[in-house]
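Okay, got some structures for you below.
One chain, chain A, links the two complexes that follow: it is found with chain B in the first and with chain C in the second.
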Partner chain A sequence: MSDNLLFAMEAALNGVTVGIMYSLVALGFVLIFKASGIFNFAQGVMALFAALTLVGLQNGQIPFAPIINAAFGTSIHNFGWNLPSLVAIPLTVLVMIGMAWAIERVVLKHLVNQEPIILFMATIGLAFFLEGLGDIMWGAEVKRLDVGIPQGMSSWVDETTYNLFGYGFFIDTLSLYALGIAAVLVTGLVLFSQYTKQGRALRAVADDHQAALSVGISLRFIWVLTWSIAGIVALVAGIMWGSKSGVQFSLSLIALKALPVLILGGFTSIPGAIVGGLLIGVGEKLFDFFMQPVIGGATENWFAYMLALVFLLFRPQGLFGERIIERV
Partner chain B sequence: MLDQPAEGYVTADGRQIGPVVLELKNITLRFGGVEAIKNISFDIREGEIRAIIGPNGAGKSSMMNVISGFYVPQEGEILYKGYKRRKMPPYQVARTGIARTFQNIALFEGMSVLDNIMTGRMNLMKSGFLKQALWWGPASREEDEHREKVEKVIDFLEIQHIRKTPVARLPYGLKKRVELARALAAEPQILLLDEPMAGMNVEEKEDMSRFILDVNDEFGTTIVLIEHDMGVVMDLSDRVVVMDYGKKIGDGTPDEVRNNQDVIDAYLGVAHE
Partner chain C sequence: MLYREAGDFKTSYASDNQTFPIRFDRYAYWVVMAVAFLVLPMVMNDYWANSIVVPFMIYVIAALGLNILIGYTGLLSLGTAAFMAVGAYATFKLSTAFPAMPIYLVFILSGLVTSAVGVLFGLPSLKIKGFYLAVATLAAQFFLIWLFTRYGWFFNYSSTGQISMPERSMFGVTITGATASSTAVYFTCLIFTVAMAWLARNLTRGQMGRTWMAIRDMDIAAEIIGVNPLIAKLSSFAVSSFFVGVAGALMFGVYLGAVEAGEAFGINKSFLVLFMVIIGGLGSILGSFLGAAFLVVLPVLLKILLVDNLGWPADLARHLEIMIIGALIIIVLIAEPHGMAALWRTIKEKLRLWPFPH
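Let's turn to the complex of A and B:
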């Protein structure tokens, strides 16, 4: 096999692993958009906040320490313990559920029956609030996140491909875990929404609020549920991205990369988020690989958006989105 | 209007009517300065078919929304099964056994007919959140039982052939029937039908009338009905409330209402001399 083909294959495989990371973020958007028609601008910040909380809990950081110290002249920073991931992760899940509840209480409840654009604006506000809250609670410095997922080159992939092709592919072990986790997450979500009472209620609310009320579904419960699930998905995305590149503010910007994924996959499709992420991941790696000699590097920064633009022109509902039909 | 005995009575054609199950007392509903319902009282008896009629804009649908909890009246009280009903959101009203359909069909368009009807049983499902999520044995068995009940409703309304069809693809008449099926699946004590025959052709109207009578007959469901087709209303109902401009202008059996001068005026117009 020619070297070039092998390199391209390696690039494509790396694209798959990057793409799945995009999908993890896009998934959170899809969940909330499906259930309430809200485009949640704060999804990226939720991932950052979840990761910050997780690191803070793991390290036994005292939340709001700088404020407490400034107000009372104390000098406390740490509880002096380290929580294992197995305890810290469930605790963070609880925090995210609490956050979903608070969002429903403080924001959504007062905006029932408002235009989608107003709800969208509210989520922008939410994004800024959470960003600030994360900083105040846990501090703004870059943090290392380690939940015990192995990192670095996967020697298994390296050896297997070396034996097959005589050239070892470089794949990050973390990415392989991300693949597995995403698969479990998506299967779980699909099963939940298709086969459980709450899943059915969730789909019902997404479809028609009045009808849902008339069969006895509490909208508020469903909204808390949706935002909780989106919060948990954000936590998963936060863990994966945080382990990869540290927990820092730029984490919230990965939400921007989720936008083209959503445009490709459709805003309302869970499998679409996965396929869209993969297409973008693989697409940008391969495009970079083949076009680098021609137009130079750094195409990864804009390729996804260009692809999204093409999609908007020819298939605005995305690959799996609901077809928009206007009856006249 | 004739006085009926509190414990119930038997109609001329042998239908068993029970005691009062829901009573509306001095209901007034305002939207800003507009009074949609003005101090209306009437009752609904167990097992009867009770119609609400009136010209457009008379406040019939508002009345329906008050009973189903979608609107909260500013004044008056609702007695349900003898107890004063506290203010509650519509989904809780649904849980007390009051199911409804809407004037402009409110179905879950993206879901199949079967799934739509299954949502009707939402309140009767007991398995907790976690068990459902984990697909535990008892939860799965429960799902099967509910499926069985739903299949019965489907048979009853003769919609077997469209069970798996997404609702969005159905014609209007069938959508109305699916909506009735979803309401029936909840096994309600009171069924509120807001213009169940609007926009239907004669044949569809006949089918729907038959279903309404059958539901009432076989399950003993109390039915409250808004309908414009006078022929249908007079044929189906045991008692009729007539509304006009938010006021009650008549209440009684179809015959009594037909001969009520106020009702005739409202429908035919009053001669001004």
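Let's turn to the complex of A and C:
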């Protein structure tokens, strides 16, 4: 096999692993969009916030330490303990659920029946608020996140591909774990929404708010529930991204990439989010690989958006989305 | 009895159609003009001009442009900063390629170039809307910035990848470049701001503005009553990008002097202008002024209060600022979806009835 083809294959495989990360963020978007018709721009920042909280709890940081120090002239930083991941992760989940509750209480409740675009802008505000809050609570420096997922080159992939093609592919072990976790997450979500009472209620709300209300489903509880689930998905995404490249602000920019993923996959489809993520991931790596000699590198910055733009012109509802019907 | 229509008789169609139908508003307008043109240049020092007044006026132009798109036509754009970058780079290319061209003409031409680019990226708006369109404009944001930092032609192959404004003057007064006096900069921005605000106000009152608003309120219904969505949406993109392009040209030409596309015109600037429009008031000219003023002054105030007086670290103040802006957006959307301009409208209604509200 020619070298070029092998390199392209390696690029594509790396694309798959990056794409899974996009999918993880996109999943959270889809969940919230299905249940409440809200396009949650803050999903990426929620991932950042979750990861920051997790690191902070692990390292025993004192929340709001920077602002307390500045206001009272103290210099406190740590409680002086290190929590194991097994304790810190459930605690972070609790924080995310609390946040979901607060968001419903403070923001969503007051914006019921507003136009989608107003809600969208409210979530942009929410994204900024959370970003600032995360920085003030836990400090803004880049943090290392380690929850015990092995990292570094996967020697297994390297050896197998070397035996097969005579060239070892370089793939991060972490990415393989991400694949597995994404699969578990999606299966879990599907099982939850198909076989539990709450899941059925969730689907009922997604189908028709009014009808769901009239059979006695509490809309507000369902909203808290979906935002909690989205928060947990955000935590998973935050852990994966954070382990890969450190917990830092650029995490929330990655979340922007989830927007084209959604456009490809469709706003209402969970499998769509996964497939869209993979397509974008593989697409941008391959595009960069083949076009780099022609138009220069760093095309990853915009390829996803351009692909989405072209896609929108032909199939605005996405690959798996429901057909958009407009009525006067 | 300050604020009344009563006694202000209109005797011609022209006076019936004037911009400010109430006499008090007209006086207020002239007072503001007099202060801006005569008093401020006398009393203002360089610090005020550079950190508040000049950026304020530039952001007003950008906010006006974005308000035309979002507030009047209902098309959400997250690519404002990229269009500002187009204006900036057009100014750079035009002023270096044609050194003899009057600099004001360069700014206007830059606006027109941005207009053309804006129409190009506005084409998808014919098929899609809402946040779908927002994603399409994100494509503009990332693609254009990538283009400007990647291809040497745009920055004349300078080794730093920066563009810096050459010195240009008009009527013997240096307007751009390092030696330009802050008065010249101030008057340039002021003239453009006043002209653009006048243009925006009259465009939105006229037929064009009405077709935009028809599209905003319900595009299918507008189509049925005979509004051509192609013309309405693309003209909105063209006008909006023209404003944003001029703002970018001024920001680069007279305010910053040297910029690097990714740094000065990143996605955060797009959000900043969007927030100005939301906080100020969607679909309001006055709102663009109020929003820009608020978001230009807030960081300066916070910095003075927290960093200079309380001695807090600067990055902490910045994070607090982000948080406050985010919270404000939510509060504004919940409490007063039409922004600060709506507050002013309420005050006017009260003033009209004062002192006998019943």
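Throughout what follows, the second predicted complex is superposed on the first by the 321 of 328 C-alpha atoms of A that agree within 3 Å, B and C clash if a C-alpha of one lies under 4 Å from a C-alpha of the other, contacts with A are read in each partner's own complex, and residues count from 1 in each chain.
As a convention for this text, contacts are C-beta pairs under 8 Å (C-beta built on N, C-alpha and C of every residue); 3 or more make two chains touch, one makes a residue touch a chain.
Since we're looking at a predicted model, the values are computed, not measured.
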item: First, second, both or neither for A:Asp207, with chain B first and chain C second; value: first
item: First, second, both or neither for A:Phe192, with chain B first and chain C second; value: first
item: Partner, of chain C and chain B, that touches more residues belonging to chain A; value: C
item: First, second, both or neither for A:Trp101, with chain B first and chain C second; value: neither
item: Touched partner set for A:Tyr167, first chain B, second chain C, both or neither; value: neither
item: A:Ala298 touches, of chain B and chain C: first, second, both or neither?; value: second
item: First (chain B), second (chain C), both or neither touched by A:Ile117; value: second
item: First (chain B), second (chain C), both or neither touched by A:Val215; value: first
item: First, second, both or neither for A:Ala127, with chain B first and chain C second; value: second
item: Residue numbers on chain C that touch chain A, as the complex places them; value: 74, 76, 124, 127-128, 130-132, 134-136, 138-139, 141-143, 145-146, 150-151, 218, 220-221, 224, 267, 271, 274-275, 278, 310-313, 315-316, 319-330, 333-334, 337
item: Partner chain C, residues of chain A touching it in the complex; value: 39, 66-67, 70-71, 106-107, 110-111, 114, 116-118, 120-122, 124-133, 135-136, 140, 253, 256, 259-260, 263, 295-296, 298-299, 301-302, 305-306, 308-309, 312-313, 316, 326-328
item: In the complex, chain B residues that touch chain A; value: 68, 70, 89-92, 94-95, 99-100, 102, 106-111, 115, 118-120, 122-123, 125, 127, 129, 132-133, 135, 139, 143, 182-183, 186
item: Chain A to chain B touching residues, read off their complex; value: 191-192, 195-198, 200-201, 203-204, 206-208, 210-219, 322
